[in-house]
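Each chain carries a letter (A, B, C, D and E) given by its place in the written order, and its residues are counted from 1.
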Amino acid sequence: MTVESPGMDVPRLEMPAPGTAAGIETSELGKLAGGSGQVTVTCVDYCPDQVEIQDVGDLDAFLRLHRPAWSHVRWINVDGLDRMDIIQALAEKYGLHPLAIEDLVRTHERAKAEDFPGSDEQPGRLFIVARTIDQRDGRLHSDQISMFLGRTTLVTFQGAHPQDLDPIRQRIATPGSRLRENDASFLLYVLLDGIVDRYFPVLEGYSERLGELEEEVLERPSQSTLEQIHRVKRDLLTVRRAAWPLRELIGHLQRERHETLSSTAQTYLRDVHDHCLQIIDLIESYREIASSQAETYISVVSNKTNDIVKLLTIIGTIFIPLTFLAGVYGMNMQIPENTSPIAYPLFWAVCGIVAASMLIWFRRRGWL
Amino acid sequence: MTVESPGMDVPRLEMPAPGTAAGIETSELGKLAGGSGQVTVTCVDYCPDQVEIQDVGDLDAFLRLHRPAWSHVRWINVDGLDRMDIIQALAEKYGLHPLAIEDLVRTHERAKAEDFPGSDEQPGRLFIVARTIDQRDGRLHSDQISMFLGRTTLVTFQGAHPQDLDPIRQRIATPGSRLRENDASFLLYVLLDGIVDRYFPVLEGYSERLGELEEEVLERPSQSTLEQIHRVKRDLLTVRRAAWPLRELIGHLQRERHETLSSTAQTYLRDVHDHCLQIIDLIESYREIASSQAETYISVVSNKTNDIVKLLTIIGTIFIPLTFLAGVYGMNMQIPENTSPIAYPLFWAVCGIVAASMLIWFRRRGWL
Amino acid sequence: MTVESPGMDVPRLEMPAPGTAAGIETSELGKLAGGSGQVTVTCVDYCPDQVEIQDVGDLDAFLRLHRPAWSHVRWINVDGLDRMDIIQALAEKYGLHPLAIEDLVRTHERAKAEDFPGSDEQPGRLFIVARTIDQRDGRLHSDQISMFLGRTTLVTFQGAHPQDLDPIRQRIATPGSRLRENDASFLLYVLLDGIVDRYFPVLEGYSERLGELEEEVLERPSQSTLEQIHRVKRDLLTVRRAAWPLRELIGHLQRERHETLSSTAQTYLRDVHDHCLQIIDLIESYREIASSQAETYISVVSNKTNDIVKLLTIIGTIFIPLTFLAGVYGMNMQIPENTSPIAYPLFWAVCGIVAASMLIWFRRRGWL
Amino acid sequence: MTVESPGMDVPRLEMPAPGTAAGIETSELGKLAGGSGQVTVTCVDYCPDQVEIQDVGDLDAFLRLHRPAWSHVRWINVDGLDRMDIIQALAEKYGLHPLAIEDLVRTHERAKAEDFPGSDEQPGRLFIVARTIDQRDGRLHSDQISMFLGRTTLVTFQGAHPQDLDPIRQRIATPGSRLRENDASFLLYVLLDGIVDRYFPVLEGYSERLGELEEEVLERPSQSTLEQIHRVKRDLLTVRRAAWPLRELIGHLQRERHETLSSTAQTYLRDVHDHCLQIIDLIESYREIASSQAETYISVVSNKTNDIVKLLTIIGTIFIPLTFLAGVYGMNMQIPENTSPIAYPLFWAVCGIVAASMLIWFRRRGWL
Amino acid sequence: MTVESPGMDVPRLEMPAPGTAAGIETSELGKLAGGSGQVTVTCVDYCPDQVEIQDVGDLDAFLRLHRPAWSHVRWINVDGLDRMDIIQALAEKYGLHPLAIEDLVRTHERAKAEDFPGSDEQPGRLFIVARTIDQRDGRLHSDQISMFLGRTTLVTFQGAHPQDLDPIRQRIATPGSRLRENDASFLLYVLLDGIVDRYFPVLEGYSERLGELEEEVLERPSQSTLEQIHRVKRDLLTVRRAAWPLRELIGHLQRERHETLSSTAQTYLRDVHDHCLQIIDLIESYREIASSQAETYISVVSNKTNDIVKLLTIIGTIFIPLTFLAGVYGMNMQIPENTSPIAYPLFWAVCGIVAASMLIWFRRRGWL
């Protein structure tokens, strides 16, 4: 599922019916209806000296093989959640917890880190849910990336709109790169870093849109301008809803000790944490700017009403008395003035004087 | 009692008169006037191998019997609070605390967990009050579910509008289900999970209503639109008032150790806690959306006033001067122009020019 | 002093002149000017088996006597603070601290609990200030109740508008009641419970008033409606200012260990704490409701302005052009049309067509 | 410096140029330009049995003398900061820290307590900055009082508008007073108590002003009313800016142990802390009241516009159609009606009927 | 990069493309494209007895030399970030962390302190990022200063608009100055003090601008006034965004122990922390003032509309009925009044009476 905040729509969550059991047992996965989307599995093994990247066609065969002895880190990435058998195979192989499997399949979780401590049979795992944001088809989308971190293994799952991870594979392939030299938790850091960095271009888009709206508010405000401002505010709310838990998650990873997290990774996660703080700073700034634009809009409209009313008042105030005067001399009574030959020019003179003194008075009040 | 937030009503609590003793002793229960509603008692005993579900007709006889030795978990559910003798019998059997009995009978408590520590005579109990929400007869209702958790026993009480618990009994009846394999605190978790999941469809209802209101605000705003927006905001306030303590309650259960809570149940309660966080996220989003709709409404109305005034101004500004001119030539003076045969066409020409230049000027100002 | 929040008044505190010494020594009490109000002293001694309630006429004689050996709890209540000699006598007898005496005499304190730890000469005391609220003469009043809790003694002081404590004495007089079986701190709990429960009827009053105001806003809004809404908001502010410290006070008593507090009393104080939370929930809800009513009021007024302006615009837009036309044919020029016999019916026809098409256009725009 | 919040002015701080060294060494003090104001130094020595109050003329001579052996507490107060040599002499004598000297000379600090811990050579000191507020010349002023507390010595500095400390000296002079019996930290408490109590009359002034403004808003609102409300709000902001750090400071002194603070003084400081809480409660209440008055003002003005527009609409709606009618019968066409002798009375009858039905319709809509 | 908040622009961050590796290895620095700006390197060595200030022309030669044995503190300052080779040389020499180098080169970080703990090979370092603010070309700019603090060394980097640090070098050159006597962390304190003090003149500028705007709002309000108020608010937001992290940073340095921070420096940092609190107080005050000015503006505009409408209403209400009357007597019917010779003076009399009574009524309502 993607939380959408498009135009008129209101965010909504699709939840299982109340009363249904939570958590998905590995054995139940097979019964779930999968989708028809393409699913790709890629595996990268590397150590400082060696690297092997393979597209996994036959997962069962692949999992039956032992990993090469030289591999320090194995990273399995699954793009697409439509093939339940693949998820099942990985869940069995790596002993994933039913609740984590459910969170992975129902892609509407808040960003979070969950610690599933190890037991005698299987080592501890860290289950991490992160959320990216994206502009697609003029709408804001938020996708989920689920990651299972073991001591030497990282398994990641992406939904229907996976991020392009080739640049990261590229960096692994580069001998001597920091990523290549470090452990699985450093790879986790690199992925989180990429996720967080994706927020910046989206925010830049809002920055540009706010710039345009600022101009529009002042120069050609219309009802639609205000709607667009509210739309931006609402989108920013969605971004904030995605960014806050992400900040907490990364702050948590950076601070707390965990058997799977190396101290190098934690030092670098501080940097990601700083970026999160900057993102939240920007979101708050943009929201304040949008609010002040909405205020300006209201004031621009009320200024326009004021101008319009002012014009009516000036016209009315000048002509209504004069019209009355013309009406008087149009009465069919015996009006002495009407017999005078200079009455007509005099009438115009009076009109001119009245109008002129009105105009002067208006100018003095600053209305003209 | 149900906290209602219907249309015009303001939430209210029915409290006992000040000065009355708090807490209801088991012995006093018999004296309380019961209602006339139907009360059903159901008992489920289960262990991984066996299960027995019975409707309890004669409670006293039932309580006199010992529970079967194979039963790992006994769950007694009471639907309806109108039979004081039933509550009394259970309170005596399970040694419930007078304050807990009062909270159970006066169904307006905030969600909370209270620990009544065990003594030599009786084991410790956890008393939990949770609140569901529901849409009935077009109004938002909030009902209370009270639960007493012992080490192997769970006693639950529901009010006049009990939830349907058959799906849960179904899951207990399924051999090998997670629920069947686990202890009483896991059953508690399943009940809380069901309660929390019920918030989602209600929120979805508000999401739809906000979608309709959004359209209404922009296309056919009326005073009633604003009233409906405020109604939704107020309802959301009620939902939040129910959800916040629930979040705290579940956060507490998930974090703190208690003799009656198994660690499996606590792991699963983390999942319910996540749902609570999502519910609160949604509520806040909806409230922000409703607020921005109210703002839009105000601006739409002021835009309409603006349009109306603009029309009056355009008509007035064009015709008031022309009417004056017509008035002038209607005066009964000696007006030289009136004798000229081309005066009349000239008059119309002047009128046309004045009107046209006005219209051009309006168009330039963007009023047309 | 009573903090009043009546209609137009702004809350005010009467404080001693700056530079005056704080705290009132027992010996100074005699010099303070007392009031002329009636002061009643009542003493209740009880243990599970026996009870004795007496109105104390001659306090000095009473204090000289030793308390009966069978008495587990002695409760001395003073209604009225006008007799300084009575306060002095009790202060000397029970060794009250000068600061506590001052707080007791100047009745404008925030609710609080202060621990005056015991020394070799005298046991520790807990000094508690609580605030009730009340509707008297159509205004909200807030009175102070000061309580000194020792291990077996409770001394309470009430101001000019004492609460009726007879129901509590009644409960003490009932053999076997929980109150009778317990210690002095349980009596303190019962008093605090009564104080907190008194907030509910007051809040119910505001709930009703908000219901009426809701109707008024929608059906016959006037400037006074808004003033009343603001009055309610301000009153709720006063209630909140009284309730918040009370909540803190009770939360503190319920949580912290103290030599004078029994664990039974603390268990029951949890219940009072829950009530405080509900009170604060209600206050916040009412304040939100009042705010949304104020918003509705503003929007109702601006809708009315809109309606009025719309009427003027419709009338003006239809008749101003027609009046111009009539003015044209009233000119004293040679107007060819004026000679035609069908000019007059034609004129009416044109007027009718113009007016009709205007009306149709208005209807299309949704103005009619 | 005094933080002023007068009418139109915006608070401002005069800071030394960036890049200048912070802190003022004792030796540098002599180089600072002093002012021309009067400076008075007073010294009070006291113990329970004896007291000596002297105006110090020749400070150097005075400091060269040893303090009398019987003196338990020595209190040196300096009114006026214009004589740098005096500050220098005291700073040398009592070993004041350069940063504290700077804070003392630049009188724009927030209230704070700073602990300069003792060393082998000199005992620890507590440096306290407090802020009073005052109404002078119709403006709100905030002055600084700096205090250095040692174990047996208190040195206080006041600026150009010193508080009158005679009442406190009076209390010291009174044998047997609590102040006389206690140590230097109790004297500090008494001074802080006096400072805090000075906030109450100032707040009372605002309470009165708000009362008057409330009336003005409802009965004769003008632009200046709103300006005054905003002025009060801004003043209250200044008071709050002074009161908050004071509350923190006193809360800190009351809670934390320090070698120079006796437990008696700390018990009494609890009382001052309560007063601070009440001050902040009052400030918040007044700010809420001022805000609701501003809202009321806006609504009163929009009601007035509404009334005005209503009048115009009523007049216009009645007379514009009638004027049209009169215009019609003033046309110079062949109008059959004009020949009828009953046309004129009929015309008036029609006018009357139209106007009357309009008025009835207006009354029905509640406009009259 | 500089975060600009100029007029209409919306703040924006230039971030590296998502997926790029974070941190810049020393070896990579050479590959980065530098700018064409001037870069100056200055080195100051000092101890209480001796000082040496040199402009470093050939950095490599300089770094190859050992520092003089007498030097207690070495401070290397780099103005300008355009020469990557210089940054590289210093990074290698002092073993700077890749993440710190990146933060130093990309100058858009929030103020922060990062601890890179020492290892066997190299001592611990504190990396500090601070932000100054400045008014340049009528816009608010915020520049970054990056500082690396070792035990005896401070390396500082400034961007394209470096602060003038000569006053500080001057103070170092002065024998016996506090700065000269202390260690490297005291120099850090002096730099931070200078940075914080630079906020005051900028805030003073806003204070003046708000003073002018206050006058403008009341005397000649225009749409541009409101825009300027919003601009000031937005600028203050930018200042706050810079000041808050600075406050946190300094609060952190002042509180936490670190091997490179002397206790003297920490004592003096308390003073800088106080200044930060004052800055934030001022920012909040100015923001409140700007908000109240925006409110005043709205109310001034709505008062003006009110005045304008009032004039129209007065004119309309007086003349519309009279115009109707004139129209009546202009009808071509048989109007008895028209034959009377006193009709005309009578008509004027009626007009005068109607107008006069209207005016009296208006005055009574307070409209004139």
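Operating definition for what follows: a contact is a pair of C-beta atoms (placed from the backbone, for glycine too) under 8 Å apart; a residue touches a chain by one contact, two chains touch by 3 or more.
Fair warning: this is a prediction, and the values are worked out from it, not measured in the lab.
J.: Note the shortest touch-path length, in steps, from subunit D to subunit E.
T.: Contact-graph shortest path, subunit D to subunit E, evaluates to 1.
J.: Would you mind reporting the rotation angle for the C-alpha fit of subunit A onto subunit D, rounded to the nearest 5 degrees?
T.: When the C-alpha atoms are superposed, subunit A turns by 145 degrees onto subunit D.
J.: How many Å are there between the centre of subunit B and the centre of subunit C, using C-alpha atoms for each centre?
T.: About 27 Å separates the centre of subunit B from that of subunit C.
J.: Where the CA atoms of subunit C average out and where those of subunit E average out, how many Å apart are those spots?
T.: Inter-chain centre distance comes to 43 Å.
J.: By the touch rule stated above, which residues of subunit C touch at least two different other chains?
T.: Residue numbers touching two or more other chains: 302, 305, 309, 312, 316, 320, 323, 327, 330-332, 335.
J.: Beginning with subunit A and moving on to subunit B, name the chains as they sit around the ring.
T.: Moving around the ring in the direction of subunit B from subunit A, the order is A, B, C, D, E.
J.: Looking at the complex, which residues from subunit B come into contact with subunit A?
T.: 164, 167-168, 171, 177-179, 190, 193-194, 197-198, 200-201, 203-204, 207-208, 210-211, 214-215, 218, 267-268, 270-272, 274-275, 277-278, 281-282, 285-286, 288-289, 292, 295-296, 299-300, 302-303, 305-306, 309-310, 312-313, 316-317, 320-321, 323-324, 327-328, 330-336, 366-367
J.: Which part of subunit B faces subunit C closely enough to touch in the complex?
T.: It is residues 8-13, 15-23, 25, 97-99, 102-103, 108-110, 112, 114, 220, 223, 226-227, 230, 233-234, 237-238, 241, 294, 297-298, 301-302, 304-305, 308-309, 311-312, 315-316, 319-320, 322-323, 326-327, 329-332, 335, 337-338, 341, 343-344, 347 of subunit B that touch subunit C.
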